[in-house]
Structure formats: C-alpha cells, structure tokens
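Data block below; observations after.
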Amino acid sequence: MAIVDTASGFRITLTSRFRAGNKTAIAAMGVLVLLLLLGLVVPLVAGSSNVAQQYPSLLSPSLRHPFGTDHYGRDVFLRCMAGARVDILLGLAVAASALVLGSLIGSVSATFGGATDAVIMRLTDVFLAFPGVVLALVIAASLGKDPWYAAIAVVIAFIPLLVRLTRSKALEVRAADYIAAARLSGARPRQIAFQHVLPNSFKYPFVQSTLVASWAILDFAALSFLGVGVQPPHAEWGAMIADGVGDNLLGAWWPSFFPGLMILLTAAAFQVIGDWLDRRLQ
Amino acid sequence: MLRTVGKRLGVALLSILGVAVLTFFITQLLPGDPARIAAGQYATEDQVAQIRERYGLDDPVPAQFAHYLGDLAHLDLGSSVRNDQPVREEITSRFSATLELGLTALLIAVVLGVGLGVAAAIYRDRLVDRLVQVYVVLATATAVFWIALVAITTLVNDLGVFNSPTGRLPRGYSPPGDITGFYVVDALLHGDLGTAGAALRSLLLPALLLGGLASASVVKIVRSATIKALESDYARTSRSFGYSRTSILFRDGLRNSLLPVITNVGLVAGFVLAGGDVIVEQLFAWPGIGGYAYASLANNDLYALRGYVIVIGVVYVLINTALEFLYSWADPRVNLAEAR
Amino acid sequence: MTTPLLSVRGLSIGTDAGVELVRDLDLEVGPGEVVGIVGESGSGKTMTALSLLGLLPSGVAVTGGEASLDGVRFLDGPRMLRRPNASMIFQNPTAALNPTARIGAQIDRLLRFLDRSAGRGSDRRARRSRAVELLRSVGISNPENVLGRFPHQLSGGMNQRVMIAMAISLRPSLLIADEPTTGLDVTVQAQILQLIRTTVAEHGIGVLFVSHDMGVIAQMCQRVAVMLHGDLREFAGVDDVFHRPRDPYTRELLAAAGDVRPAEGVTDGARAR
C-alpha cells in the first residue's frame, strides 16, 4: 500500500492487484519450467523422435499416444516435447542475445552522444523501417536455410527495439535528479555510469526482453513454418505444423494442432511474466 | 508549415534509400551466396555460374550496387530467377488483393481493439476487464499460421461457416470489372450483389484472423490510455462540472486515448500487410504479394523476395510518415518540426 | 455564524484497503466567508476537498459523516445525495484542462451543458460572446485570442484564470480551491489570489481554500482549519490561529513558516469585501 501525494493529485496503488498478478505469473513460470524439464528429459528417455515409422501413421490421440501420431508414424507428444527444448531454449537465447547486444549498443549511443549516437540512431531507423518478421525472413533466406541463421535473423530483428529502449531510458535516468545530486557530491563520471545509469536504465530492457522471448518463439516458429528455420525431420513446433498441413485434409488435425498449442502456451507464459514484471516496475 | 512538411518528406525519402541499401546489404553481402541459394540444393556448379553471370554477381560490389540503385531509380526491381518475369509487374498486379485483405484486417483490428480496450478500461479490474486481458494474452501468443489452419479445419471444412480457402472468390465466380481493385467494392459498384457477397465471404475469415490477432496490441494501448485519461486531472475537472459519464468517456477519455493508437497502427499495418499476411495469403490461396513472397521463398527466388522486401519497406515507411502527419494533426501538443 | 453555508459533520475518508485518510472531521463555511484548510501533504486536506464534490480517486471513499450546503444535505456517508451547488479549481491548472481541446471548445462545452441542464435554448454565437465576457471578467484582456489556444500554449496563471471563469459560470454558492496558486510565479500567485478574492466577494460566494502555505492562508481566510494525518487539530478565526494558537502542531507550522502573521484585527471581513 503506497499513497503518493503527486503534483497532480493522489495516486493510489493497491497491493491486492499485485497479488492477483503474482499467482498468474507464478503459474506461467511453472508452465515454462515444466515444459523445459519435459523437453530435456522426455527425449532422453524415449530416444530420438526424428526417426520415422515407429508406430502406425496418423493414429488419433489415445492414452498410448496422447497427441496421436503423424503421417510418418512418429509420436506427436514426443516430438512436441523435443520441440519444447528447441523452442524454449531458443526463445531464451534470442532474448538474452538481443538484450545484451541491444542494451550495449543503446548505452554506447546514450553515453557517447554526438556523431556516434546519430549514426546508431539512423541505423536503427533503417532496421525499423521494416516489419520485424519480414526483416528476419529476408535475412534468414539470404543466409541460407539453417536454424542457426534463422535464430541470428530473429536476434537482429529485435536488436533495434532494445537499442531504442535502452538509449531512451539511459537518457531519462541521466537527466534524473539523483544523478545531478551524485554529480554535485563529486562522483566521477565512470562511477555515475556504473552505479546509477546502467542499473537503472537496464531494468526496462530486461523486462522488455521477456516479451521479446515470447515474440521470438512466434517469429522463429513462423520462419520454420515458412521453411527457412529448422529443417525436417528435426522436431520444432513451427516445422511440425508445416509438416501437418496436409494431414488436415485427411481429417487428421492432431499433428498440426498440438505443436501450435505448445507455441500458444509458451508464448502466453512469457507474455504473462513480462506483463507482470512490467507492472512491478511501474 | 510547408518547410516542416518538406523536411518530413525528406526524412521519408532518406528512409526509403536506407531500405534499399539495407536490402542490398542483406541479400548480396551476407555470407550466404545468392547464386547458390537461387540455384537450389541440387544445382551443378555450371548452373550456379550461369546465375552468377546473369545477375552480374562476379562484378565488383560497388558496380553491383550502382547497377542496383540505378535500376531502383527507374523503379526496376529486376526479374525473378524462377520464371524470368519482371518482379515489379508481378507485385503490382497482386498489390490490390493484399491491400483489400490488409485494409479490411486493419479496420477490424482497430475497431475491435478500441472497443475491447475501452470496455476493459470502463470495467477495470472487473470480469469484463479480466476476459479482455485473457484475450490479449492469447491473441498475442497465437501463431497466425496455426490459428489459420485450425480455423480452416473447423470453420470451413467441418462446419462450413466460411468459404473454402480458394482465394478472393469461390469457384464458379468471375472477378468483377476492375475499378478500385477491391473485389467487394467493385462488385457493388457494378451492382452485382451475388459476387459482392461471395467476395465478402471469402475475405472475411482471413481478415478476421489477421485483424483479430493484431487487435491485441491495440487493446493493450487503448486500455491503458483510456484508464490514464479517465483518471486524469482534466477528466476530474469534467466530473467537477457534473458532465455525464458518456460525455467524459467520449470527450475526455476516447479523444485522448486514440492518440497512441495512431502510433500503433504502423506496427499493426506491418503485421496485416506483411508479417502475418505472407502466411495467411499462402494458406487461403489469396493472390496477393504475400503469397508471391511465400512462393519466392519456397523456390529460393532471392531476387523476387528482394523486390517484395523493398516494396514492403517502402510502403511501411510511407504509412509511418502518413501516421506522423496524422498524429501531429490530432495532438496539438506535438510540433512536427520538433518531433523526430 | 448562525446559518453556515457549508456544514460538514463527522466526515471520514478511507481507502478500500482500510487505511483512514480523514477521521471524524467537522467544518463549516459561512456565506461569503473564506475558510482555509492548512496542513502538510498527506494530512487529508485535498481528500476532504475532493470528497465534497464526489471526486475522490478510485480506491478511496467517504466512510462516514455528512455534509450540507445551504441547509440541504448532499452527502450522507458514502452516498452522494445530490450535486452540491459548488465548483472547484485545482492545483496545476494546465493539467486540469483537456490537452487536445481549445480553450474556446472547453468553455463552449460547459456553457452548452449549463444551458441544457437549465432547459433553455442554446445558440452558438451567444455562447461565444458569453465566453468572451467570462474571460474578460477574470481579467483576460485578449479573450478572442485565448479562446483559440490550447492549454499548453498558455501560462499556468492564464489557465487558472480560465478555470476560475469556468468555475464561476456555474454560479456556485461555494467555491472549493485546492492549492490554486501552488507552482505559479510569486507575482502571478498574488494576481490569482486577488482575482479569487474579488470574484467571490462580487458574487457573494463562500470559499473552502486548501493550501499548505501559511502565508497564503493568512492573506485569504477568515477562519482556518489545521489538519494533521487526517485529524482536525484546530479550527478557529485567523487571528486566533496566528496569534493565539492552541494546538502545538499549529505552533510548529507557524514557526516553520516564519513571520506570515496578518496584522491583528484587520483580517475579519475587511479584506474580503
């Protein structure tokens, strides 16, 4: 419970609202951890899910095959779990890389200012002149069809966003009163940069990167769906959906339905956590 | 005023140049070999060399770049590796189809987004708000290719609510005479209600999917902006005068919460015209530029894809420039000369 | 004061979470009288002012007590029985006006609302000349120009004049002023205070004047209520509060404010009329 007497009147924040958010966020984290654990453990126990024709093809979901089997006779549940490892780790890795690179470039831009800042800002402008997925798509296609290239492409597509955010927050923090106070009390510029500006401007890009993880999973799956990401027969949710498109015409909805549900669950979990962190921060 | 407009247009032109340069950089200079990618996995060295020759890939990079820019200045996007057709013609002939789908989706996204966002703000922290929040998370986290597939399976194949995904018209209909390029509008202008209805039914599902997913970001922005506006000092002033809730909602709330929507429309347009559009057009056999990009990708037709990316980049820059003008007109506090 | 204009009895305000912001407050304002509420931030003075017009922010509500204006009860515990014939001016006048509407449109909206509430016809041109007249009456010398401006294009003092004009056009019997000059330049502050004084005197309007500034209170008020942490510590004539403070907290406030005391005996009434 905090009551703040602001210049424009009273703002009241109620703790009860936070508590409700807490539960959802904890549930979301639970979902992610569970999926990641399953993704790491299940393929070890069950063996490679890429091998075809272990079971009859296109069995509908049952107790033995909770998500059914695909047209090569592979267990869709096992493949979904193998995909969990790929997609969740990839989402985290993309978010982390974009966060590190983006905030680094952003702080450089804010710290040096002048020509450096101008060049970096014009560059982000150019990158932001494309819709993100389209940028990732053409980069991935130009590098060649490979999951690593696709991942790099997605990272590149998200960097400008984080550069912008870090820079504007760093400038905001630098202009804040307590920095002026630190400066007046004789703190050295480097001390100010490391003790005040960096930690305080870093938390916003950090929260944003949780959302980036969610978008990255969607974008990466889209690239795989379009054939420039993970290549068959490897298990990845987007590629699995692409693989299952034809099965729908045969009345088999499950090979494409469950991987999409996995994407939904994971991306939603990252969204919920990101929103929660965002609210905590304000 | 004229000077600021000129300056703004200058910035837009620079951005377009940036788009061209970046696209060249990505497609020609990244480690991937465009000729090898274009030739495909099973091509012989001879075939690769042939493509290399034809597209001048053995020339020094500055010469290639000059050539590329010269062509662009003449609005020449080169020709496709796959079928040798000029890319510009291929794209312009498909553009109105994408525009019809994209604008309809955009309209749906904004109307749905504003409606749900305002409802959530009015019933803040109550059931309506909770449901809207769930919708936002789900729509943001849904892969468009998956939901499109699910929708086609259930709504089209099983229930028959919508037309089969056969493009802009069901089988047995012929396109109306070309006036605006939008089938629904053109059919109406020709007085052909049957075709207009059929075209609308074909348009509705892909537009709803794109617009529905894109509306999530609009909802988020409208909700928080409306809450902010309704809790603002000026809304309090209005309450102190005794104005009705409706008057406060429209004149103080909505008017001020629509401003951030204008900035967001650019991102939404990026999704409905490009990102989501590539996939949806493919799945619905929609004969637009997204489907063309998909086919180019599938056939390793890097030059056709490059043309598509340039067109999308330019359209995106133009949309965002137009939105900046709209924003400075809608918000008196923004001075276009100062805003970057 | 035998028949008070505003009478507040046992007013309590609290948050949904159960925190008490104002406890059992008694207050009154006589006809044409200026009564001050003074206290530091968090004392509950602004909440008291806002509660009288039903303007409390979400999550905060009146939990008990009642209030009446002109002898008619309008507030009964958490229920607002009717709109009191009162209007309000606020701290930060620029934020109190809609940023995307011109001053002219905002005044016009109010005048049209008043015409409709009164059930009389309303004519655009007539409203326009009334708006010009209103701005003149609050000392704006170029009303035509101001009508075409947006709030951010005007100074804080000018916006507060506009707010006063709008508040007065409601023909209230009580004006609630919440820190109306805080944040304004000292010279502008003096002008606005003078404007409030002359305007309320001219129309015989009672004023509830909320401020943290003892100096401003001394200049403006006939009676003063001192609040601390939601409690009323002292409510007395301005001479008594400044020259014979009974409450230790009042003495503290005075000591902190320096010499802002009005000359004894010249305050009551003489200043307001």
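Every chain is named by a letter (A, B and C) in the order it is written, and numbering of its residues begins at 1.
By our rule, a residue touches a chain if its C-beta (ideal position, glycine included) is under 8 Å from a C-beta of that chain, and two chains touch if they have at least 3 such contacts.
As the structure is a prediction and not an experimental result, all values here were calculated from the model.
Steps from chain B to chain C, taking the shortest chain of touch contacts, total 1. When every chain is reduced to the mean of its CA atoms, the largest separation from chain B belongs to C. In this assembly, the C-alpha centroid of chain A lies 51 Å from the C-alpha centroid of chain C. Chain A and chain B have Cα centroids separated by 22 Å. Looking at chain A, residues 8-9 sit in touch with two or more other chains.
In chain B, the positions touching at least two other chains are 232-233, 236.
In chain C, the residues that touch at least two other chains are 57-58, 90, 92, 95. For chain B in complex with chain A, the touching residues are 15-16, 18-19, 21-23, 26-27, 30-34, 36-37, 125, 137-138, 140-147, 149-150, 152-153, 157, 232-233, 236, 267, 270-271, 273-276, 278-279, 283, 293-294, 297-298, 302, 305-306, 309, 312-313, 316-317, 320. Those residues of chain A whose C-beta lies close enough to touch chain B in the complex are 8-9, 17, 122, 125-127, 129-134, 137-139, 141-144, 149, 214, 218, 221-222, 225-228, 238, 241-242, 244-245, 248, 253, 256-257, 259-260, 263-268, 270-272, 275. Chain B makes touch with chain C in their complex at residues 124, 231-234, 236-243, 247, 251-252, 255-256, 259, 330-333.
The part of chain C that touches chain B in the complex is made up of residues 53-55, 57-58, 83, 87-88, 90, 92, 95-102, 109-110, 113, 117, 150, 152, 163, 166, 170.
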